[in-house]
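Shared between the two complexes below is subunit A, which pairs with subunit B and subunit C, respectively.
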Partner chain A sequence: MSPNTWVIEMNSHKSRLFTHPQAHPRSQLSNDAFARRAVSNDNPVFEDISTILSVLKASGLLPFYEQLSSYEVGPPSKTNEFYSFFVRGVVHALTIFNIYSLITPNSAQLFFSLRETDNVNQWIELLLCIFTYTLTVFVCARNTKSMLEIMNEILKLDKEVLRQFGVVLSNNCNFSVKFLVVIVCCQAYIMVLRIYAVKGAITPTSYILIAFYAFQNGLTATYIVFASALLRIVCIRFHFVNQLLNAFTYVQQQKLAKKSRRQPPVSNMEHFPEDSLFIYRTHNKLLRIYKSINECCSLIIVCFLGYSFYTVTTNWYNLFVQITNNKGIISAHILQWCLAWLCLHTSLLALLSRSCGATTYEANSTSQILARVYGKSKEFQNIIDKFLTKSIKQEVQFTAYGFFAIDNSTLFKIFSAVTTYLVILIQFKQLEDSKLEEQVQNEV
Partner chain B sequence: MLRAHRSWYRKFVELNLWATLYSSWLLGLFPFVYISRTRRIKRSGWLVGYGIAFNVLLLWLAMNYYEATQSQAKEELFTRNPLAEQINVLHNGLLLLTVFVMYFRNWWMSDELGKILNVLLELHDHHFRRYDTSDCYNFDNYIVYKGVCTMLELISIIWIIFGLSPRYNIGLLVGVLSIMVIQLGVFMVTTHFHICVMFVYRSIWIINRELLQLVNRLTIDKQVTKSSRIPKLFDLYRRLLELNRRIVGVYDYQITLFIVSLLTVNVISIFYILVYVVSLRKAVTFYMFLNFLQALSINISDFWLNIALCDLAVSANRSTAAILKLFNDIPQLDKQLERNLNDFALFSSHRRLTFNHFGMFDVHNAMGFRMVIACTLYMLYLVQFDYVNLMRTST
Partner chain C sequence: MSQPTPLVQPLLLQFQQLFFISKIVGVLPQDLDKFRHKNMLEKSRNGMFYMLGVLSVYVVLYNLLIYSFGEEDRTLKASQSTLTFVIGLFLTYIGLIMMATDQLTALFNQGQLGELYERIRVVDERLYREECLLDNSCIAKRIRIMLIMTFIFEISILVATYINLVDYTQWLSLLWIVSAVPTFINTLDKIWFAVSLYALKERFEAINATLEDLVMEHEKYKTWLSGNDATTATVGNRTTDHPPQSSPPPQYDSNLEYLYKELGGIDVGSLRGSGSKNRNKVAPIAHSMNSFGESIPTPYKPQRMNTNPMINMAHESELSNATKVEEKLNNLCQVHDEICEIGKAMNGLWSYPILSLMAYGFLIFTAQLYFLYCATQFQSIPSLFRSAKNPFITVIVLVYTSGKCIYLIYLSWKTSLASKRTGISLHKCGVVADDNLLYEIVNHLSLKLLNHSVDFSACGFFTLDMETLYGVSGGITSYLIILIQFNLAAQQAKDAIQSFNSFNDTAGFVGAATEMDNESSTLYDMVTTTMMSPTY
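Take a look at the complex of A and B:
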């Protein structure tokens, strides 16, 4: 029984709330930075992340869904479904070709390094990249339905907010386009560096390998940006709920009371019972969406974190080897190469951990805000207690397949792990070097 | 079509359960008889005696013919790397200890286990039997996983021993057979724990479904504001938690030692293969590589099954608390119902289902991840040791 199957019909309650929307004190809501008043009918859904969505749709990772109305998306049509299927098939065929050419000497041209261990590192990195992307494709194909469900749930929630408060929640996901540009630039740059580094004429197989490698890296990174964007969208909804609740807190009530001292007193608290029901319901729904996103993406995120951990470690290690071997003279090529990788992966890790952290913070702060609400009568106190008793010890977390929680501390943890492994790798290198020296001495 | 497939699958699940029961009886590891008149099980002294005699005989056989099962490749490795031999001796000691402790605890705690099983039977008969559990897919899947895993482990042992040593004789055959039967016994004990936890999981799953149905009814039908089922579910939940604590108490030593021995087997086998390939500079044939890979993957999946099982039950328990939250937005609830819900919510947030061994660690996915990371680090340290050894021998 997964939480996706929780179906709760709330029609009766909606209609009751909708009967007196005018009587609500909503002036404070329009000041909200995330809310803007706009009524438009034919806008495409998720306009803010449309670029990233179209990239993912074209690569078969997301379905080409049909837009039924401005608040609903439907399953893809047969032709589009076939297209996604076809793209996935091509990707898998290319992957098999790649693995085949990695085993055969066709790819020997690409492994040009002098040291044996460096080539092994590159090999492992390539295999990890292939594995991560293949897993992403498989998981996406399996989760097509739940992804659409998540989108529909978010849209349904938006619709309800619009009906209740006349507010269109913006998504504020402009960062996705910037990240897309960064990814494309980094991958193109790395591709050029790679092609320049190869000695002699390049065979078509090498071209295919390099291009597909960049393609895989880019798309995995794009998916991570998409997951972050989804989390940001959920974060904004959580924030909206918290803002709603914040208006009822003791401090806000005091401010309002001061303002209206000259006018006859208007109590805002009289709408608290109705609004609290809406808030609780929205909060539950948001938690469910949050959990579904976690379930959909967690396997991909675990894999990506492992891959980028490995990449970051090997690149730091390469930099270190360069510095110690050549007595301070660093080859420009390797420097650029390592920096491009480090820049890409560090920014992605930072984005992921930040958006997870922000969403988790917003989700957990609802009960804190509720605890500050001024419950002047027994009835209000009961409403507040009802929520608080059921939220004890129930901190939500965005986990990487239950292995560890992803939030702002993850970045720190990953970098401390990178340092530890770097030390171990360097120890290995020193052992290897001293062994080589001894062999040379023995031969002399 | 789907339904036919489903019924076939359920039969397979039942087959797994029956196979576990009969093989445990045969190995003398399940010293209970079922009395159909009272619908209870009773411990039988005869079965305990049979189990002890049978397993002592098996251990004696295995020790006697141990030499015959050693392979050529291992001997070469030990002459090259004395550290590997010491580790091997230690590891064998650990495995023997695991077997002794497992069997001893199994008989020692059988009285308590019998009581627990009786409580489970009673709960099933009086409360959970009437619910339809045909769509509790995880229950079926995990029973099948465990059965398949046990079979694969046994096949993998045969494959490794016969694949590595070409000197066939009667000693080898008897040695392998006795080792296999002992291993089967160990797996059976862990399977008992597995099945107990699965039954607890299914009961919690039923409670969750009941709660969800209640929420749905209350939200759709505004006339209904009362329900008397909550206190009953609460009571069942409380009893299940208590039962789970007792089950974990009985299987503390067994499961911990089993997990530890699985992990050490993995670390040591990877270490051996590295020494064999890198230090001895021997070419690994494809067959050997395959052999190594299958043993490793089966071991890892068995280990992960132990972790995932606990995580499944823990997450089902966590969703109980989440479902109780859904009662928040129903406007008009009966006073009594409200109070019962609050009690349930408070209890479920303060007391969770945990698989805490010796009060030292909880088993869930995060713990499993940490274990895997620790093993990787230990393997790296071992390989570094080998490098140091290599330098000494070369100078």
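Take a look at the complex of A and C:
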């Protein structure tokens, strides 16, 4: 996870800094491992996250966009658009059917728990899940265009970077595939557990309910992973910009001066004005992309965070109740169930907050790095000052629909809130249990 | 630049006693000989093995302690379920976890720690070149005070608990000494952090002081100039004779003129609103007579000038010569940035130990207070928290634990405040010099300073500042209220059952006894379950 692994081709860039800019970008490119991909014209865009993209496309959350060139995507064709529309319609129909069957006694066999509160919990969880997924579908349908715009912006930026520096930015989003596997495994496991737990023959309605529930959960989670992947992509671009800028800081300049003491002093500061122009422009574009990603995803993320918070709390509670009941019978079934849920949601929360935190950090550190550039002439100082002045009041944050900023501290806050609720819930539970025991003993 | 290098004392020179103690106890693995001869922290394989050995000995001894003293809890444990047993273990082992975190992080960072102090030394050299002197001697004093405080606290807690609350007729009771080891090692580690942080803060303050000195010098220079001017005016009138004034250095002429203009502008703006340009030449003299001539007696200035004219001139020229001062301000700004980077690196090195310390502080503080409450109600408490039976010892423990946490938070807060103050001091320079060129430089540099951020945080989860302290104290209070209220509720339930049992004579006392036992165990469950959850 070290930042250096994200951007692979930094060496070629650094070598460029010693040579003249834009002199031999192509020739340097030829000895790269990525040269083939960069030159070939019909490579798919966003190859790193293609798996997750295809899943989302198939489920109608993302459009089947047309690839116009290797650096541009176009709107979907009519048939594909119709397909997405159709899938979304089916999903909504299924949702309505499910809600109907939840209200009617058809689904009674799914709520078999011993206690009344557990059933209520499951109900709420189910409704939250349905709500989250329906919202995701609606928001995605509405944001189709802006999603395509974001993709195009990113691709345009990549193209510019390639033209200017001969650098192909790798996305390094392998984590998306891993998370996809985790999600599928967890959901399948939970589904199996559910089916085994039901006593008696299972009606087809229950099958549909269970399968669709797993489907909804999985897709919501997949969307979150997709959002994190987008954030990671932006983060890598920010990091690239920062690395570019870092070559001009006084620390690097001193190092350079030490190296070239024997030779005539080579200062790369002469490239600073043109490079800084590019850097500022890129940084602004990235900020815009970041903001539009935020706008696209924030409503879904708020919903998911609420759902996740609820699920994590109830599952921890169930886990505690299962283990602390003094009868000594720990139900392996509920244990596995809770652990699967916890594993899924905790990892997703961690992923989301980490990628948000990392991107915000990279975006904010640009001005910090720029503050380390000491230009000799007034012209350079003015260039620096302009950017620094601009970034004073510019708060870069990934907010959850404006409610709160998401970064590492969000994870901390969520878990401290979960523990507080757990403490209260468990204490009530124990008080209740001890009173029950006394009653039983008194009756005896 | 090799000349001033030996003149700068490395910071580590002050750390000698601390290093010897921490080396013996096993807090740091670095090489002892290298430190003694060259004042450098270097990696050492032997030190690593020694430290690992010490760590495993501590772990074994601590487990032995828990085993031998846990017998009193055995009855409690028997009635508990497995999970609460595990949580109880967590509460008892948090000290050990904290110690292991400290030692293992020190092992992993053994190379980087040396680099950190090397960077501080380089910063010192640069500061020395900018005539910004630092006094490291108070750091040694500080270390000594901290060490003495640590010893006093540890020994008083240990001895008081041993004498009052441990059955010292048994030979095994000597193991109780081990219970003080984790906190002691943790404190030593934190002293390293705190003192290094203090050193950084001192460097920030030295930069600020240098900037303020520039301002002071310039103010003096300005008053001298105006005073000089006024006296020359009077000299012209009275035709008296002052040798230094009669031959002012030629380089001041331009400055004088500039100051005249500037003072005249102020004067015209404040007194008359609109004055003719011709009168400006006269007005500053009258104005300076009014503002400075009264407060500072005129004969004082020539005298001062005669005593140390050279120093005066050398410093005066600094702020009035913008190009020369730019270099200095640039350098100070770079040093400031470097110190900020060092602060960040230091925070990175100690982030996990600080997180574990904060978790420990929160847990132990809440647990100790709650068990103190339980002890006053004659309820059973875990044997490792027996110090809660005595309010006096509890107070010492609380002061010791919270002192560590609060001091670190306070120091981090102060350090980041000191780093932010540099901008203010820089602006004072700009204001006092009142020169367009210098203003530009100051604006440029203050924009840079704005982006030098040093915020201390525990793994990015929360920042170490007063707000967090407030939040933590609020958290402790609300947890205590929740815990005590549940305790009260359980107590009432118990009373009800007792009255029921006494009413029901046939049940006899045996039933009541078992009832009570059950009740206390559920309480214990509750507490231990609760304690685990807030992990900070």
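In this text, the second predicted complex is superposed on the first by the 379 of 444 C-alpha atoms of A that agree within 3 Å, B and C clash if a C-alpha of one lies under 4 Å from a C-alpha of the other, contacts with A are read in each partner's own complex, and residues count from 1 in each chain.
As a convention for this text, contacts are C-beta pairs under 8 Å (C-beta built on N, C-alpha and C of every residue); 3 or more make two chains touch, one makes a residue touch a chain.
Note that the structure is predicted; figures quoted are calculated from it, not measured.
> I'd like to know which partner A:424 touches here: subunit B for first, subunit C for second, both or neither.
Both partners.
> Return first, second, both or neither, reflecting whether A:390 touches subunit B, subunit C, both chains, or no partner chain.
A:390 sits against subunit B, while subunit C stays out of touch.
> Look at A:337 in the shared chain and tell me whether it touches subunit B only, subunit C only, both, or neither; answer first, second, both or neither.
A:337: touches no partner chain.
> Considering only the touch criterion stated at the top, classify A:277 as touching first (subunit B), second (subunit C), both, or neither.
first
> Give one of first, second, both or neither to describe whether A:381 is in contact with subunit B, with subunit C, with both, or with none.
After superposing on A, A:381 lies in contact with subunit C but is clear of subunit B.
> Figure out whether A:357 sits in contact with subunit B (first) or subunit C (second), or with both, or with neither.
second
> Once the structures are superposed on A, label A:367 by its partner contacts, choosing first (subunit B), second (subunit C), both or neither.
Second partner only.
> Just checking: does A:398 make contact with subunit B only, subunit C only, both, or neither of them? Give me first, second, both or neither.
neither
> When the two structures are overlaid on chain A, which partner does A:287 contact: first (subunit B), second (subunit C), both, or neither?
After superposition on chain A, A:287 lies in contact with subunit B alone.
> Could you tell me which stretches of subunit A are touched by subunit B in one complex and by subunit C in the other?
389, 391-392, 424, 427, 431, 434-435, 438, 442
> Give every residue of subunit B touching subunit A within the complex, in rising order.
My answer: residues 136, 205, 208-209, 212, 215-216, 219-220, 222, 311, 315, 319, 321-329, 331, 338, 342, 345-346, 349-350, 364-366, 368-369, 380, 384, 387-388, 390-391, 394-395.
> Which residues of subunit C touch subunit A in their complex?
Per the stated touch rule, the residues are 81-84, 330, 334, 337, 440, 443-444, 447-453, 459-462, 479, 482, 486, 489-490, 493, 497, 500, 511, 515, 518-519, 522, 525-526, 529-530, 533-536.
> Could you list, by residue number, the parts of subunit A that touch subunit C in their complex?
Listed in rising order, the residues are 250, 320, 323-326, 328, 357, 367-368, 370-372, 374, 378, 381, 384-385, 388-389, 391-392, 407-409, 411-412, 415-416, 419-420, 422-424, 426-427, 430-431, 433-435, 437-438, 441-442.
> So in the complex, the part of subunit A that touches subunit B is made up of which residues?
Listed in rising order, the residues are 1, 3, 6-10, 12-13, 273, 277-278, 280-281, 284, 287, 386-387, 389-394, 399, 401-404, 424, 427-428, 431-432, 434-435, 438-439, 442.
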